[in-house]
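Next, two complexes with chain A in common: one pairs it with chain B, the other with chain C.
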Partner chain A sequence: MKQSRNRSLSILFQFGGLILSLGFVTVILLLVDANPIQAFSLIWQGAFGNPTRIANVVVAWVPLALVTCGVLATFTAGLWNIGIEGQITLGAIFTTGVIRLFLNTSVNPVLVIIIAVLAGVVGGILWAMLAGVLKVFGGVNEIFGGLGLNFIATALNIGLIFGAWSRPGVASMSGTEPFPEIYWLPTVGSFRFSWYSIALTLIGLVVIYFLLQNTHFGLKLKAVGKGIKSAYRLGIPTWQYMMLAFLVCGLFAGLAGALQVVAVYHRLIPAISSGYGFMGMMIGMLINYQAIWVAPVALFFAALNIGGIQLPIIMKLDSTLSGVMQGSLVLFILLMQGVQQRVLGKK
Partner chain B sequence: MNIEFKNINKHFGAVHANADIDFNINSGTIYGILGENGAGKSTLMKILSGFIHPDSGEILLDGQQVRIDSPADAIKFGIGMLHQDPLDFPPMLVIDNFIVGQGGKFLLSHKTVINEFQELQDQFGFSLDPYTYVDALTVGERQQLEILRLLWLGAEVLILDEPTTGISVQQKEKLFAALKVLAKQGKTIIFVSHKLEDVEIMCDKVAILRKGQLVGEVVAPYNINQLVEMMFGKQIVINEPKSLVTEEIVFELDNLCIEQYPITIENVHFRMRAGEVIGLAGMEGSGQDVLLRACAGLLRPVSGRVIVNEKDLTGKTYHDFMRHGVAFLPASKLEEGLVPELTLAEHFTLVTSHKKQLFIDKPFFHDKTKQKIDDYRIVGQPETPVEALSGGNQQRASLSMLKDSLSIILLEHPTRGLDIESAIYMWDKLKERCAGCTSIFFISADLEEIIRYSDRILVFFSGHVSDPQDSSKISLEQLGQMIGGKGWDRTLTDEETYEAITQP
Partner chain C sequence: MSGDFILLGLAGVIASGAPIVLASIGETISERAGVTNLSLNGLIIFSGMMGFWVAVETDSLFLGFLTGALVGALVSAIVAFSSITLKQSQVAVGFILAITTRDLAYFLGNPIMGRQGPIMLSTPIPLLSQIPILGPLFFQQSIMTYASIILIFIVWFWIYKTRPGLMLQGIGEKPSAAYVRGANVGRMRYFYTILGGTLVGLAGPLFTLSVKAGWKGTITGLDGIGWIALAITIFGGWNPIRVAFGAYFFAFLQWLGLVLQSSWTFIPSQVLQVAPFPLMILTLLLVNLGNTEWVARLLATLPDGVRERVKKLIRSLRSQAPAALGTPFERE
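Let's turn to the complex of A and B:
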């Protein structure tokens, strides 16, 4: 009975955090002389106003949910995989590279897409393992290693777009030459989302949920994350498990990058990771590493992202406002968790 | 300062940790609080020092009712608490630690403070160097520093929580002398302990707590049997342990040299037989912990060999040692033994090597945990996170997680912080293991424990290791002298030692 009371209290506190962050954003809107109600309703309209917009929310949800799944694996092992942005980028680069290899061959396009997506997954894994190797064998904190690897991945991406893989004649920020339509993941009607991406994401959500909640592997990751020395003493090969956490995270990030190429952009673009990696980490913290919440919270963030596009168009507000909302939401909810612990802990 | 507790009540969930506690402590006395683990001693002291609030009841200082909201409040009222684990800042200088809790003044004259520091420590015969770093001090010296700091902040009441745990005999004597001086000056000393012998020589009066209730107060001189009965509600019989040594050699150190700054241990020859119990005696930091960790594969020796069951495991990892039947139980449970925030059931899932499917068979491990909880009398549920267990129960939980067939168990301070009953239980369980041909290698600061339970004893003095001493032939005084570096004239040369050991 006490537990259920605690749980409802906890929900109350989380809800308080939500209210506070809404209040905070309202204050900011008032400060810039904008009508908050209009802004919020624009975001709502922008996200769910018509079927195309809903479809766009789903398009943003796919990489966000995948990346968050990956981040949960590393968070569980006590690792801050900041390098996830680079892992998404490498996934996209590998996928693009494979499709380019097969562009003028007679290989079945379906097979090409499958190989390309697998290659993307491998790319993400390799980049993540690199951060892991630096951490485990080089003693480089995964935050710094990951940050460095992000820069290298971005440089590599830009280098390819403007160099080796540039469009004939003009190298441009709009990316590489789009692939012929046979190499696109089929989308639904005139919308931009693909059932295949959604299916892969749903599988990913189920896999990460069971992996972390119900398997020996997940429990060992958790032990490594909560107390690495004790875990070692209890017989868990700790560095191997840290590498496996990176592997799982890289897999999801690489898949997200690959799907961005084959299902959304059909080419490599400079901002292919679109900040989804960092956003995934925010969601991970927000949901307190509970896999069950990935899908809905990622959907909420995706809606804010897509809905936020309307703000500059109609109200001439900066589009970063949706970022401010996401950031303040995370901050206030974490703050309320702290407050809750203080209030419940002391008495 | 006179302290009056009036009907103090405190609940933690379903546990009534303090039930209507009501008694007085007069100034100038050394007052003991006795009780087994979980009797409510620490709770009461935490209430007095402002760490937690009582659900109801009052505290009166010199007849004035006070409300103590935080440790900072407590020190303003003149109440200072010395914790079992010193709450200091190891990477800082002694003198900076001394100053750190001082409020009010922003600018400090280092010179004045140092003079005051020296004056204060001279009163008690302490000799701390203000310019060393705290992490270079022993537990006993850190305790001295903390006492000085609290006195300097104006403490009139000193609460000491298990102060004799983990310090050497000499430091204990120094501490006791200092406390007597303080009591003469009119300060109130509250001495929380479960060690009857300490309470017996120190305290003018004791209060005994059991299961959250005040059982009674007793004035010195004490009848030990009466105190034990009040603490546990029954008589406790300590059986003399039997030796269960066999002839089979299970573990061997061959000419082992280990370096771990600042300790260097050289040329250890040693053979251990199945079922044997070996105690490692010595002052803290004399090299026992270094040798023990080398035996577990956690430290790589510079030269020499470690042989387990006739297999040379030198340079192998701890996990290799585990596979060959070596287990290590470290002293700090939550740092190196148990994983915080994981439940008991999750721990048993982690340590079970069979049943290796992909998914966890939760009902199976739940039942298994329940059974272990019953077997080892752990106060907790399979869903209890380990950090919510008391120290004694964490110790039992660690013990219960050991594999069934082991060649050797290495333990650091197996009964530190445990009450008599728990300590006896711990050793009963360990002796059961010995009967199953497991050998025990343990460190303890408690010399009586070492003599009582060991078959042979290795004495350590600043990196020197004695030849094994027969525990039935050595007295407490001799052992005490040896750990202080005296009485080593009987030491044989290496060759002789080796002969002596190989022909038991």
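Let's turn to the complex of A and C:
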């Protein structure tokens, strides 16, 4: 009885957070003399107005859902894997490197794609483990180690695009030379999404759900996240579990980066991580680290991103409004959670 | 490379280091009180945009800086409210604010992109500016640069040499003890978080009205500086003078990158610009290594004479965070 009352109260507070963030964005829009209703409906239209746009939302959903799955592992272990952006980038770099290696060989393209994606996964894992090693053995907080590694990954990426892997003739911000079509992940009709990407994402969602909910591994990870000292006293090898959390997160991030290359861009571009890593962390906080909510909330965020593209075209507004909406939503929900705890007293 | 060229470059380092000094000293104050303000990166971009906007509309540098300071105070007040009053995770709220204020800056700043704004000129100090070498280096700067240099010593003096400063150390190290001795921990943390945020907020306009004059949206070149300032705070061991040294060192590296860029054209410019970041990781590694368990174990195996010397070296590098950093204070 009491539990259900608390539950409905909690929903009420979350709804309050949603209303507050909508109000905030409305005020922002009024500040720049824009019609909020027009902006909101434009975003809706931009995301779901026609089949191509819906397909684009799905394209954005894939990496977003994957990285969110990844950060749930590190969040559960109490780690702030801000280095996730770099881990996506390294995944993309490794994948591109492997495809370039096989470009003019007679190796079966399907095999090449598989090896390339696996290499991307390895790249993500390596970069994540680096942040982990710095944390565990170097005492460098994972937030700052990760940030530094993000900048290095970006530099490496741009260095390759303008240096060793530059287009013959002129290097440019448009990225490396696109691969021949045989190395693309097949897409559906004229749309940009691929069933393979979606299948991999769905597998990832199921795996992370069961890993965190139903296994000893998940339980121990939670114990580490709740408090390293007490977990250690319980006999859990804490640093090994922290490294495993980094490994799982790097795996998902690397896969996301790999798929961006083989399924979406077919080349390496400067902004290959597209900020999906940070967005995934925001989603993780918003859903209170519960795996069951990853798919729908990632879809919502992806829709905001794709819908926001219409803003500069039609209303001469900057598309970063999507980011403001996402950010204020997470902020107000979190604040309302705090208000709720304060009003009702801590459970 | 002539002497004049180097002197001019180093004077530029003092100037371009000034906003980084403001930001990292502001963060130092906040963290000394026990509150990590992780919003820095977005906060600097947002205050820079708002300060520039107001300065363009009013043609007043003063109002531009005032706006930046107010933005800084407001954003850090959200951090303070959510962490002190609502007891939410400082890291979570700070991270969300870092992302959201950045996006907000790019969104609201869209219409003023590329506008011509006022630029703060240097104010040479009579007589002092005539001293060879030191004159051009320190006494031909802008007012804000002078202020940032003076601030280093004021904050240092405040923290280590005054009674309220001692209290400030107390609420960051052992808030329960400070509470027993009569400190209102919550109120003081609010005060120092907002004060620190105000200083960070001044860094933004110092970029857009002086060091990197103008607002050019995402290519204004402010993205990343806040994260660096946060790392510098750790590198500086929460000691204002060491923090300032870190800030100038970073500015120096950036200048070096620019200089080398013209002679080392085979390296893409973007790569040289991030050279400070691996160094940042290395320095964080150096200052933290002494705190790890395996180093302590390794040290125990060394012969006595060597061990003492190595220990001394590690201790001189090591920096330790205020003990209660990031944890909410609960009265028992």
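Operating definition for what follows: the second predicted complex is superposed on the first by the 345 of 347 C-alpha atoms of A that agree within 3 Å, B and C clash if a C-alpha of one lies under 4 Å from a C-alpha of the other, contacts with A are read in each partner's own complex, and residues count from 1 in each chain.
As a working rule, a contact is a pair of C-beta atoms (placed from the backbone, for glycine too) under 8 Å apart; a residue touches a chain by one contact, two chains touch by 3 or more.
The shown structure was predicted, so the numbers you read here are calculated from the model rather than taken from an experiment.
Placing chain B and chain C on a common chain A by superposition gives a clash between them.
In the superposition on chain A, contact is made by A:N214 with chain B only, not with chain C.
By the touch criterion defined above, A:F40 reaches neither chain B nor chain C. Touch criterion met: A:I236 reaches chain B, while chain C stays clear of it. Measured by the number of chain A residues touched, the leading partner among chain B and chain C is C.
In the superposed pair of complexes, A:Q341 makes contact with chain C only, with no contact to chain B. Applying the stated contact rule after C-alpha superposition, one finds that A:G327 touches chain C and leaves chain B untouched. After overlaying the two complexes on the shared chain, residue contacts for A:Y196 are found with neither chain B nor chain C.
Of the two partner chains placed by superposition, only chain C is touched by A:L31; chain B is not. When the two complexes are overlaid on their common chain A, residue A:K222 makes contact with chain B while staying clear of chain C. Clashing C-alpha atoms with chain B appear in a single stretch of chain C, chosen from 95-103, 149-157, 167-175 or 293-301: 167-175.
Within the complex, the chain C residues that touch chain A are 38, 78, 82, 85-88, 91-93, 95-97, 99-100, 102-104, 106-108, 110-111, 217, 224, 227, 230-231, 234, 267-268, 270-271, 273-274, 277-278, 280-281, 284-285, 288-289, 291-292, 294.
Within the complex, the chain B residues that touch chain A are 13, 52-53, 318-319, 322, 328, 330, 334-342, 346-347, 349-351, 353, 356-360, 362, 401.
Chain A contributes residues 2, 210, 214-217, 219-220, 222-223, 226-227, 229-237, 346-347 to its touches with chain B in the complex.
On the chain A side of its complex with chain C, the touching residues are 28, 31-32, 80, 82, 134, 137-141, 143-145, 147-149, 151-152, 154-155, 158-159, 162-163, 278, 281-282, 285, 317-318, 320-324, 327-328, 330-331, 334-335, 337-339, 341-342.
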